[in-house]
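In the part that follows, the structures are each spelled out as structure tokens.
Next come two complexes built around chain A: one with chain B, the other with chain C.
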Partner chain A sequence: MTTALKAPADRRDPVRRGGTARPRRARGALRPWIYLLPAAAVLLPLFGYPIYMLGLLSVFDYRQAQVSGGEPTSFIGFENYATLFGDEKFWSVLAATVAFAAVLVVATLAVGAALAVVLTRAGRVPRLLLSLAAMAAWAAPSMTGSTVWMFLFDSDLGLVNQVLGIEGYNWFYDQWVTFGIVGATVVWHSFPFVMVTLYAGIQAIPGHVLEAAALDGASAWQTFWRVIVPMLRPLITIVVIQSIIWDFKIFTQIYVMTNGGGIAGQNLVLNVYAFQTAFGSSEYGLGSAIGVIMTLILLVVTLFYIRALYRSGEKL
Partner chain B sequence: MTRARWIANVVAVTAAAVTFFPIYWMILSAFKPASEIQSLNVRPWTFAPTLEHFQRVLGGENFGRYFLNSLGVALAVVLLSALVAFLAAVAVTRFKFRMRTTVLIMFLIAQMVPIEALTIPLFFLVRDLGAVVPGVGLNTLGSLVLVHLAFSLPFAIWMMRGFVAAVPEALEEAAMIDGASRPVILWRILFPLVAPGLVATSVFSFITAWNDFIFARTFIISAKDNQTLPSALLVFFKPDEMDWGGIMAGSTLMTIPVLVFFIAVQRRLIGGLGGAVKD
Partner chain C sequence: MTTTTTPTVSRPRASGQVSRHGGRPRPNRVLPKIKTVIIAASAYLVAFIFLFPYLVMILTALRPQDELQDATYLPSTFAWSNFTNFWTSGLAGNLWVTLQVAAGSTILVLIVALPAAYYTARHNFRGRTAFLIVVLITQMFQPTAMLVGIYREFYQFGLIDTIWSLILVNGGFNLAFAVWILNAYFSSIPRELEEAAFIDGNGRWGALFRVTLPLALPGVITALIFTFIAAWNEFVVALTLTTSPENQPLTVALNSFIGQYEVDWQNLFAGSVIATIPVIILFALIERKVVGGLTAGSIK
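Let's look at the complex of A and B:
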């Protein structure tokens, strides 16, 4: 009798529900799913299904003739992938994408981290000015950022050529010079995120730690590498991986500034290459295969990201 | 003032000037008379600001229409994604259920998918969808709202999660003891409390939709009236004689709304990112 009375009271467990941050046990196990329903209704058909379809298209011979219904679509297994792996162009674009992303990540990190340290040491007004300028660069749409930088480096009317007195020099002719200009635009857009995140991280380091370093006679350089970097390692890992993900899938800047991939496609990166293969040459199956390869590479990077999140103590 | 502080100030001010310069140049060029843009004697100021580029852009090329299209799409995405993300964030922070972690990791993985590659399947999906529901087929603004909603949601949910978790559960429990129903707690208590976070999250949804040009370019093929700003900007790109005045005026029109939005909520934004990056 007593146990029968006690059992329901236990299940409600009034003590444990008081105030703690632990997610409460749902009375109806369905309720969280009801709240997730709208998200699922959007994401499954418009995100999940297209990913599945991307994989499916990549194993079919799907070109203009099949799209218009002139020829039947045929399953060709991994032939699209075989075509890609046997194509020198694919490998050179892949190499360019990896190299471009690597340089961008290093440059973004260097600029962002250096300015984060500068922010901690600067006075109130300079700090405010830099924060506002960084916000503006961060907020600027990648499309308009691209147009402005193109204008600055325009061969006839660009400010850079006029100041340097090298009128007529075309910055978008040589493959590596072009990558350089596009890269500068990307870094301009993305360093504010790194700067703001690391600045917040440095601010969170207890003041007495930095004071102790200063008392022990550590220089700014030593303090940065021996104190700040080790203490912020989890945060830095996350910022690095985020940057890798972003810089690996650069699209707008390349597409707009190099007019779809540069002279003879010399400035293509994978993302633009996939798009151009599909919509430029109507090789939808082949383009999808490039998309799948990109997604797989990014998936591996994301797994590292998730591990880093776990290590930083993120409660998933 | 110590020497270190002095150097830091100089570096900070210089970096600020360099960073802001492209934006300054864009706005300046938008107001410069065509003759000064063409002039080989470039000057970083103008004494004869003009609205000629804005007039040409807004009048001749139907830019005003595109501006409203972009704004409409972005606002629809912001409203829908705020509601959907709020509910989903409540689900993953306030409840313990099987597969909760799996769902969270799915939202995380979704953020890294190269969405540009998804234009290929989505093009065919939207084409087929249009045959059934005309409002969301190719050439419609509805199709853009749908895809941008889908692409802004994973990050919005991830970010909202931090804001919902920051609200003490005791508040909801007190309301529950007072006899408030679930919907009342959700909409009258929790919703107003996370509203600031919702605004910050909305900035990112807004930017996703506002900045996009790849989907607009892929989906809006023949219906010129349904074009949005970014792809309309490409109209001014002419191989031999770029209309820089027009491009800069169009770029300015496109940048200002985001800039204002961004700076207005910047404090919450950083707080929210902290929440999104690290609890």
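Let's look at the complex of A and C:
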């Protein structure tokens, strides 16, 4: 046990070490896993098994009747997927998910970046206040955040209708208006991460670089696009990909604010759709198939993320 | 990358200053004063807009039950009854469930993440990179897409509708953040410090517990609070895995105030305030350090 600290040789790949001490070599190769075992013991059953189960169920006809044992579970190959791909509803939900996420990413980045710049220029008090507001939005459970925004836009009691002086307008009736309000809630929850990250990034840019830009007569707009953005490009890439992943995963806001997907499911996104299919309609096999598609999409985005990390010079 | 943004972006320091929160704004002589005013004004405005929902939440929670329809902005009297209702109704039990789940997941993450983060920071071994990447991938995944699989698994083990299932899922899905941020902290502590303590006769474990862990404490606290908040806020897994009202955490229990046609706003918001305030306070303690963990690695 003591060798780890004493011998710098331990840092080297144990397999490549000289062949003098055979038993030590075996121990050296095994030792990491003593430390990593607890983590593996948690990750494997919580990721490996459910993903396996998800894939398995997605190729079976698995509904309420099969759960209760009334009918035997039967293998149906890719029929669930075929059902999905042949269903117009699936495609419209997929399109809505992608479009919604895309708009959210752009909006979150715009708001976050603008406020990061404001932060660098604002005085002490406004900066503290803005940080506080960001923190409050960031930490809040998305469940409670959603309910407040719902209340603000409530047709009878909402402040928005009161202030605008319109009576009884239902903001959750039209598909796009609803998406807009849910989107605002999501941005409210997610801009702080972008703002704080970019603010930290801007702070790390050497002061003389920004001063030089200012002396050269660059406007704030030019400084942002020509100096800050290029210098922070790697950081921005990571923030963008993180945002894509987050906005793609939206569940709570849609589920809570539109009462499970809106009128006739017009505000469904893939996540809520999978949930409703599996647990609402007890179509577990079909719901699993949607889950598999969702997981695959996230995996692709994640690979881009890892590639971006490598590009940014990160030594993992 | 490593040269530009790296040094200050909340790269964890073993000692001394960790963030530049209190840093003064750069003097900007070029901009005229009017711009400063506009910037300050917009900062105030945006801060107000973003804090506004909380104001509404608290004011509504304090509004008497019969005043919701009134077109006044402020309640005539503060009705604390909505808050006392919280404690007398079953919600106190749901708060207890939330606390247990959050605390349980946090302890689980601590036990599991510390050794992994420590070892991967201190040693290079075959499979290290693979391990870290797998952990990173799990951070990108989400329980929602895998919900049917997770449900099926806990169903098989008879853990549906127990807090254990929630502790396990929340712990598992927050492990990545903890491993990465702890890894960064441990890497930032010079191994010579630990070796010196070892040579001074502290023993291997003494060196670890008296030198390394105290130095990594900010990272440990950040990981713990972050996990606690995430587990506290979690919604969809609890919605799926719990069936009886008394086993639901607060977020799910509050959702039952939202009916198809009517919403019990006052009680909903009284509960929301109670569900929200603790996490905001906790988050205030770690906000600056979280960024480093979420942009895992990019800031190293």
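Here are some notes:
Keep this in mind: the second predicted complex is superposed on the first by the 289 of 316 C-alpha atoms of A that agree within 3 Å, B and C clash if a C-alpha of one lies under 4 Å from a C-alpha of the other, contacts with A are read in each partner's own complex, and residues count from 1 in each chain.
Everything below uses one rule, namely that contacts are C-beta pairs under 8 Å (C-beta built on N, C-alpha and C of every residue); 3 or more make two chains touch, one makes a residue touch a chain.
Note that the structure is predicted; figures quoted are calculated from it, not measured.
Upon superposition of the two complexes on chain A, a steric clash is found between chain B and chain C. Once chain A of one complex is fitted onto chain A of the other, the partner contacts of A:L232 are limited to chain C, with no touch recorded for chain B.
By the touch criterion defined above, A:R127 reaches both chain B and chain C.
In the overlay built on the shared chain, the residue A:L215 is in contact with chain C alone; chain B does not reach it.
In the superposed model, A:E167 makes contact with chain B only, not with chain C. In the superposition on chain A, A:V98 makes contact with neither chain B nor chain C. With both structures placed on the common chain, the touch criterion links A:M53 to chain B and to chain C. In the superposition on chain A, contact of A:G207 is made with chain C only, not with chain B. Put simply, chain A uses residues 29, 31-32, 35-36, 38-39, 42-43, 46-47, 49-51, 53-54, 57, 115, 118-119, 121-123, 126-127, 129-145, 147-149, 151-152, 154, 157, 159, 162, 188, 193, 196-197, 200, 220, 234-235, 238-239, 245, 249, 251-252, 255-256, 259, 270-271, 274-275, 278-279, 284, 287-288, 291, 294-295, 298-299, 301-302, 305-306, 309, 312-316 to touch chain B in one complex and chain C in the other.
Considering their complex, residues 1-2, 4-5, 10-15, 29, 31-32, 34-36, 38-39, 41-43, 45-47, 49-54, 57, 115, 118-123, 126-127, 129-145, 147-152, 154, 156-157, 159, 162, 188, 193, 196-197, 200-201, 203-205, 207, 210-211, 214-215, 220, 231-232, 234-235, 238-239, 242, 245, 249, 251-252, 255-256, 259, 270-271, 274-275, 278-279, 284, 287-288, 291, 294-295, 298-299, 301-302, 305-306, 308-309, 312-316 of chain A touch chain C. Of all residues in chain A, only 17-26, 29, 31-33, 35-36, 38-39, 42-43, 46-47, 49-51, 53-54, 57, 67, 115, 118-119, 121-123, 126-127, 129-145, 147-149, 151-152, 154, 157, 159, 162-163, 167, 188, 192-193, 196-197, 200, 220, 234-235, 238-239, 245, 249, 251-252, 255-256, 259, 270-272, 274-275, 278-279, 284, 287-288, 290-292, 294-295, 298-299, 301-302, 305-306, 309, 312-316 touch chain B in the complex they form.
By the touch criterion stated above, chain B contacts chain A in their complex at residues 1, 4-5, 8-9, 11-13, 15-17, 19-20, 22-23, 25-26, 29, 37-38, 40, 42, 83-85, 87-88, 90-97, 100-101, 103-105, 108-114, 116-125, 146-147, 149-151, 153-154, 157, 165, 168-170, 173, 182, 207, 210-211, 213-214, 218, 230, 233-234, 237, 242, 244, 247-248, 251-252, 254-255, 258-259, 261-263, 266, 270, 273-274, 277-279. Contact residues on chain C toward chain A in their complex (touch as defined above): 1-2, 4-10, 20, 23, 25-26, 28, 30-31, 35-36, 39-40, 42-44, 46-48, 50-51, 53-54, 56-57, 60, 68-69, 71, 108, 111-113, 115-116, 118-120, 122-129, 131-138, 140-142, 144-153, 168-169, 171-173, 175, 179, 194-195, 198, 204, 207, 229, 232-233, 235-236, 239-240, 251-252, 254-255, 258, 260, 263, 265, 268-269, 272, 275-276, 279-280, 282-284, 287-288, 290-291, 294-300.
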